[in-house]
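Quick one: this structure, given as structure tokens, is what I'll be asking you about.
Just so it is clear, A, B, C, D, E, F, G and H label the chains in written order, and each chain counts residues from 1 on its own.
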Amino acid sequence: MDLRELLEEVKNNKLDIDSALDKLKDFPSEDLGYANIDHHRQIRNGYPEVIYCEGKSDEHILGIIDKMNQKKSNILGTRCRKETYDKIKEIYPDAEYEELSKILKIQNQDIINLGKGKIVVVTGGTSDIPVADEAYYTAQFLGNKVERVYDVGVAGIHRLLNKRDIINSARVIIAVAGMEGALPSVVGGLVDVPVIAVPTSVGYGANFGGLSALLTMLNSCASGISVVNIDNGFGAGYLASMINKLD
Amino acid sequence: MDLRELLEEVKNNKLDIDSALDKLKDFPSEDLGYANIDHHRQIRNGYPEVIYCEGKSDEHILGIIDKMNQKKSNILGTRCRKETYDKIKEIYPDAEYEELSKILKIQNQDIINLGKGKIVVVTGGTSDIPVADEAYYTAQFLGNKVERVYDVGVAGIHRLLNKRDIINSARVIIAVAGMEGALPSVVGGLVDVPVIAVPTSVGYGANFGGLSALLTMLNSCASGISVVNIDNGFGAGYLASMINKLD
Amino acid sequence: MDLRELLEEVKNNKLDIDSALDKLKDFPSEDLGYANIDHHRQIRNGYPEVIYCEGKSDEHILGIIDKMNQKKSNILGTRCRKETYDKIKEIYPDAEYEELSKILKIQNQDIINLGKGKIVVVTGGTSDIPVADEAYYTAQFLGNKVERVYDVGVAGIHRLLNKRDIINSARVIIAVAGMEGALPSVVGGLVDVPVIAVPTSVGYGANFGGLSALLTMLNSCASGISVVNIDNGFGAGYLASMINKLD
Amino acid sequence: MDLRELLEEVKNNKLDIDSALDKLKDFPSEDLGYANIDHHRQIRNGYPEVIYCEGKSDEHILGIIDKMNQKKSNILGTRCRKETYDKIKEIYPDAEYEELSKILKIQNQDIINLGKGKIVVVTGGTSDIPVADEAYYTAQFLGNKVERVYDVGVAGIHRLLNKRDIINSARVIIAVAGMEGALPSVVGGLVDVPVIAVPTSVGYGANFGGLSALLTMLNSCASGISVVNIDNGFGAGYLASMINKLD
Amino acid sequence: MDLRELLEEVKNNKLDIDSALDKLKDFPSEDLGYANIDHHRQIRNGYPEVIYCEGKSDEHILGIIDKMNQKKSNILGTRCRKETYDKIKEIYPDAEYEELSKILKIQNQDIINLGKGKIVVVTGGTSDIPVADEAYYTAQFLGNKVERVYDVGVAGIHRLLNKRDIINSARVIIAVAGMEGALPSVVGGLVDVPVIAVPTSVGYGANFGGLSALLTMLNSCASGISVVNIDNGFGAGYLASMINKLD
Amino acid sequence: MDLRELLEEVKNNKLDIDSALDKLKDFPSEDLGYANIDHHRQIRNGYPEVIYCEGKSDEHILGIIDKMNQKKSNILGTRCRKETYDKIKEIYPDAEYEELSKILKIQNQDIINLGKGKIVVVTGGTSDIPVADEAYYTAQFLGNKVERVYDVGVAGIHRLLNKRDIINSARVIIAVAGMEGALPSVVGGLVDVPVIAVPTSVGYGANFGGLSALLTMLNSCASGISVVNIDNGFGAGYLASMINKLD
Amino acid sequence: MDLRELLEEVKNNKLDIDSALDKLKDFPSEDLGYANIDHHRQIRNGYPEVIYCEGKSDEHILGIIDKMNQKKSNILGTRCRKETYDKIKEIYPDAEYEELSKILKIQNQDIINLGKGKIVVVTGGTSDIPVADEAYYTAQFLGNKVERVYDVGVAGIHRLLNKRDIINSARVIIAVAGMEGALPSVVGGLVDVPVIAVPTSVGYGANFGGLSALLTMLNSCASGISVVNIDNGFGAGYLASMINKLD
Amino acid sequence: MDLRELLEEVKNNKLDIDSALDKLKDFPSEDLGYANIDHHRQIRNGYPEVIYCEGKSDEHILGIIDKMNQKKSNILGTRCRKETYDKIKEIYPDAEYEELSKILKIQNQDIINLGKGKIVVVTGGTSDIPVADEAYYTAQFLGNKVERVYDVGVAGIHRLLNKRDIINSARVIIAVAGMEGALPSVVGGLVDVPVIAVPTSVGYGANFGGLSALLTMLNSCASGISVVNIDNGFGAGYLASMINKLD
């Protein structure tokens, strides 16, 4: 922390007290009234700035993007409505959009490869793909090599075992599953790397919007597994990136 | 149904009307005031009579056994307290007791082999054994060949795959698991026979007394699986027997 | 398993090691990228191939059907939207559709009668029919004789007792009920064959989307009952078929 | 209401204003500091005074009984611990105690027969008896003719049908059941009188302390059924008495 | 029961055995395939026949009405969609409809006054009116004098106390409330007649679709209260009628 | 209370008994049939009259406003639909509307500043603004100075710490947060004034419509915090006003 | 904040930089390793220091008291076991203990009357007293005049109305209730001051450990009510004190 | 995988087919009947063997330890009862025991430092220490440098901020909290390394055995956080170790 420097400048009269008080308050966030943007996180860890678009009006989203874009940050939007993207595209023609996972990407800088190894994203079924792709594109945009292995649920265990080579090549695994949500347990038993489990709200009946899969994953008897919120592909992709850049 | 015989006897004056009315009421149950015993089910399907001991006083249990014993039925007691068994043992010296699963057996007749094939009981862990054994002894006492494969949970999938021969030899499978409860899904994907899933209350944290395993099993994406109540080893053993005696 | 043959071919130089490794991986599933189709299950047990259509795009469904159809399999689709069926119908004019239960059927081969006895489907009310019909058509398409007894809920017990002959003629019973879900308990007390209970989400108030009926069924004090997920008519029909083909 | 009398007395100067204000406040309850006893309810409807003993100290219970006894009321205690009863017995030698249902009775006056017809209490199983007996003794002490029909659960429907005569003779029915709790639905379909359903916490697994039976009863598709709280035998007995004294 | 007559006819050869068997099966229900109508209940207790319209197709509803109408029964439809009513109106021009409570009435006979006293329906708020009116019209159509007292929730206790005269004039009270659902407790403390509590799904936040009000009512510490399902105005009206016709 | 005056008037023959009885019943509410309006509360505490518009028809709302307006009260409507407002605006051209928070205001009198200090409303995120603004406008219309500090959630703690001056200047704080709902705990630890916590239904996955935030706030280990219902901005604003006018 | 003073001292060389850095870190908490004690809160707001004893070992509790006592603070312990108190009493002979509410008090200084008005604590029943007393003694020890009104639950509304004078004299009300938890709603409708609702875990059946009362209170339709956690008498007493000392 | 070697040995006649078949089955687990021990995991990743002691009999635990000890593995036991430890200690005098966290350690080999950085364990309160220590000793025994920062909950945010240096020095953070469980969110916002959140069952009222903290953590709006099961300190310690040994 440069608090010492600040104090030294005060001592040496390079900085008057009011300015010092000001700077002490000056954390690197910018107040738009309806939002406080945190620019320095991106600088600090080399990551893009992120907007969680759900529940925000188009005007707010455009306002936030505008501020971010002035810093020439890379920008990642999650849960971005197609209609919102269309408006963004008009102003930022380079904006890209992944329709299934509702990921928005505005790339103002080269993506630096921060990951030390490979992240592998596996899913139990075809219907888990939107959540899995949210994790996939997030991790990719945060500078990782990512590989996908989809529809390898435990009710046909050979489909998973057939993909053991890819799974064994991972430094971090993201296991996405709805319904009974047992995939992370089986994967966790096959590998010796961290497994991030993502329950999805896919299923019906006593699935309770993903609660069933969530409980399964929390109760996994395999070691090395942790869980993020239901359908939270972004969270899994972000955490996997954090782990993968450790050296 | 012998209703026709009864009517014919009435018509032919072999039976007067009041006796007929009486007999029409006379379903094969015996009223002890605090309990209605159903003797004929045992005769009808060759099964022992069953007492669910939990929540019944020793006096009631002894009273029920007394009535059953007069018919020389085989008697199966579930959730029988050790202290209760000790009292029973004094009166019925042939009574046997399985301490782990709390199963009481009084065998007054030879057990007839009613099963057409083999029932296999598998568990996810060591702690599921009490419930699994309840299923095991129930199915055995109901006239089945039963085999046990314990501690083959999905977090070490090779342990289960190593036992594929036994699993493939089953006509019906009982899969018992607590914690994440994923075992039936994997087993169900390996075989083409009915799988009866038994969630157990084994686990901690967000296990909620077996609810987690129950939901997992209900949401299984493998076909051919159905579920009984949490810790209901008896129910699974009984249903497996019913299926196994089909011809 | 033909692992021995494979090993013998390797030993006898009929198969080089790389091909052997390849074959060892070659489980009978086909990877479409977004889906792994398991063709051999159909061959192994004489059943049609099944697509769970809910949550899959029309494109994915058509792609999967295309692959299945190349094998001349019978194809059963569940939870198939009417609009999807209309597209399928254009390409496969023989495709049939049951509107109430949303069942899609493409019959490329004769249906072999695999069932040893009769499956009877009973419902508590008129509103349970969509789920019951899903079970009915599934069991029928899997090669069973199936009979329906609808609207015989326990609040008018004579309606059920009037149908005892049909119920007693079953080898397996599927009991479908919403609201209080007590039908399987009463049916289970009347027969000595397996009863598969299907809770439906029919009802209102403290029904909680079928949870009430589900809990009732799990807590049934009748023996020989097991439960599938809420509204899971397909699962019940499939399991009933599995039990019914046991010999 | 004698408010008019009071006002007239004020007008005629028979009552000064401060006394009138006082009387207006004077509702017929007696404040012991830790409890407010409502003596007049007993007088108003001919019922005993009731103490819910659970969660009250012996001292408080004795204090309340003392006040009630001074009015020579009949006293009904529910959920009374055996140890508490022993202390009460020393002071009030006429006090009676039903051990199974934990009912305390101190009879200072003859019980007047207030009921116009008969109340019938039915249970699904033997383990529901403690709750059923709480209803039975309550209704009896409140001046009703009550009959018991126990262990006639729906999984053996003939046991219940055998007792139709008694059931049909009731003016009000209390149906007590745990586990799946389906008894009130079947009973409700057989009779044309009000059925008070009492869920019990009897059962295990996904019974959740009686929640399963409670939901079943609330979702009953039979008409004429209402539900009291889990294990609330007193409430059912009290309500049945209220209904039975209507003329 | 006329079983004795039947047996006597058999004995006297007035009835051959096959016809007798037939008649024994012949409970007074009529099987439409998709529905079993119970005509005799209406005759037995002088009530109209009832159709629960929700979840039934217009065709089914019209089919059921047609059968009922042939008997010249009075017909009460609950949860009847406006569009369905419009179709019914075309065929049965006398059909009436209460839009707020979605009650359908076809009156083919005079309504006989079966109630011995008055039923009073109270609500906590204005938004509870649709459910309360369902109870009101049901009780009225079943031959009761019914009075309404609306918007007298406990947060303004004087509003309720102002209506004590009406409340005290009731033989049975139906108390309808959403949000915190405390109305029945307060009402139950003011009167000595049965109170039927109806929780409504009115409210927001931690109301959970009426669960909050349901739990409040089940846990009421006032005696003489029982509860029907959330929003089940019909059930309350029907039960109140049953109680009110007791003599 | 002027009960004494009333009694004195009776005594002095200024008031005849029937009028006195009438007045005793005459609590200051007005019965519209479908609603009981409580005019005097506004007079008693200087607050506007409030209509909770959700679940009320436009006709009812207009009827209630009409009665209120006759007293020249200020009127606050919550959860007012835009379409309803448009109708109101035609009749009451001075009516104002806050679109985000759905607040309706009709100001017939000057707003008196009743608050002794400042109320500060803080939110965790941008999406909590609709609920926060409901609190803001409510408190303002009830005569308070209110300040807003938005998007200062705990995951970027410096954003909150930067606003300590404003937070420390409050006499009462309203802390609005969805997702994990931790904001009130942190705020509560920073200040020595009452904190009213408002959970919002903002979030996804295991958020369960605000339940997650609600539980967090109830379990807060900071002292001086209490909680209102999920999304209940009005309740928080009203309570804050009540506290703020204490002197 | 004296940050400016600190900076001025640095500038004027009255404080060297390392000391300044030290002081900047020096928040007024004391780290015992297993606990961080916050001495200055007591000084800041004139309150005693508080130990939540549940879940802490006697050794830890004694260690914490020792540190607090060195400052001559007043000390309030909540949920203090009797055995723990006995150990404390040996060392601090002035320690006092309220057995019912498990409150520990060590008074080292005079209690300053900080409250501007009176706090009134009301309960629904006798069994709510332990929680209510926790609130009572907390508020008292924090310098308030507090009055208790117990056993005035809504099922006997006149008991509450009889106490209106006391209730109307309060500046803040704490309303404690279990079972249906309706007391705060009724109280909230009678007064114009803040009501703090405390649900208790008193009750049985579908009470779910106080959840029923909690939901009731959150859904209250009376304004001016907020809720603390189940059984959290301390929290209510603390918050009431905070509100009561506002001027 | 050495499958290729195996095949080459078969080809080269170094291995006969039956032995090859045998070896193919020979996964590195050892079947004790009641347990399947997986020795090679320890060898594969340099970790100790782990026994989850809860729900296992002393005999089973001793049997498992015996097998493990023969391999001279390091052995870590979790949730080990004190009585069990006493028996173990007699046989293995080097066994160590951490009483608070119930951790058993038998060290047969030097612990190799596998961690690349430091793991920091933080807790919200003193009562979270048993769970936190389970994580601490697990991570330490798995070869990590671990530091503890206890009692720094968010309600006194300065206590946490005072420890920023230690927190910033971590490569992985384990954040343990009960009650409102907000600690991980705040920590997650302060650092750029993975945070493993552990909810504890510490708290009361609407805490629901840790569910409240669990939901808070799953809903955290800070990025880089994942969650393990309630009270699962071992799981957190294991996962942290896995992450910390990545290079």
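Methods note: a contact is a pair of C-beta atoms (placed from the backbone, for glycine too) under 8 Å apart; a residue touches a chain by one contact, two chains touch by 3 or more.
This one's a predicted model, so the numbers in the text were calculated from it and none came from an experiment.
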Shared interface numbering between chain F and chain A [over half = same, under half = different]: different
Chain whose average C-alpha position is farthest from chain A's own: D
Centroid-based (C-alpha) most distant chain relative to chain C: G
Whole-Å separation of chain centres (CA-atom averages), chain G against chain H: 38
Length of the line joining the C-alpha centres of chain B and chain C, rounded to whole Å: 26
Whole-Å gap between the CA centroids of chain C and chain D: 49
Residue numbers of chain E (touch at least two other chains): 156, 161, 205-207, 211, 214, 218-219, 223, 229-230
Pairwise chain contacts under the document criterion: A-B, A-C, A-F, A-G, A-H, B-C, B-D, B-E, B-H, C-D, C-E, C-H, D-E, D-F, D-G, E-F, E-G, F-G, F-H, G-H
Of chain C, residues touching chain E in the complex: 126-127, 129, 150-152, 156, 158-159, 161-162, 202, 204-207
For the chain F and chain D complex, residues of the former touching the latter: 3-4, 7-8, 10-11, 13, 17, 20-21, 24
Chain F-touching residues of chain A, taken from the complex the two chains share: 25, 27, 29, 31, 33-36, 38, 54-56, 60, 199, 201, 210-211, 214, 229-232
In the complex with chain H, residue positions of chain F that touch it: 124-125, 153-157, 161, 179-182, 185-186, 188-190, 203, 205-208, 211-213, 215-223
Residue ranges of chain E touching chain D (in the complex, touch as defined): 41, 44-45, 50, 116-117, 171, 192-194, 196, 214, 218-219, 223-230, 235-236, 238-239, 242-243, 246-247
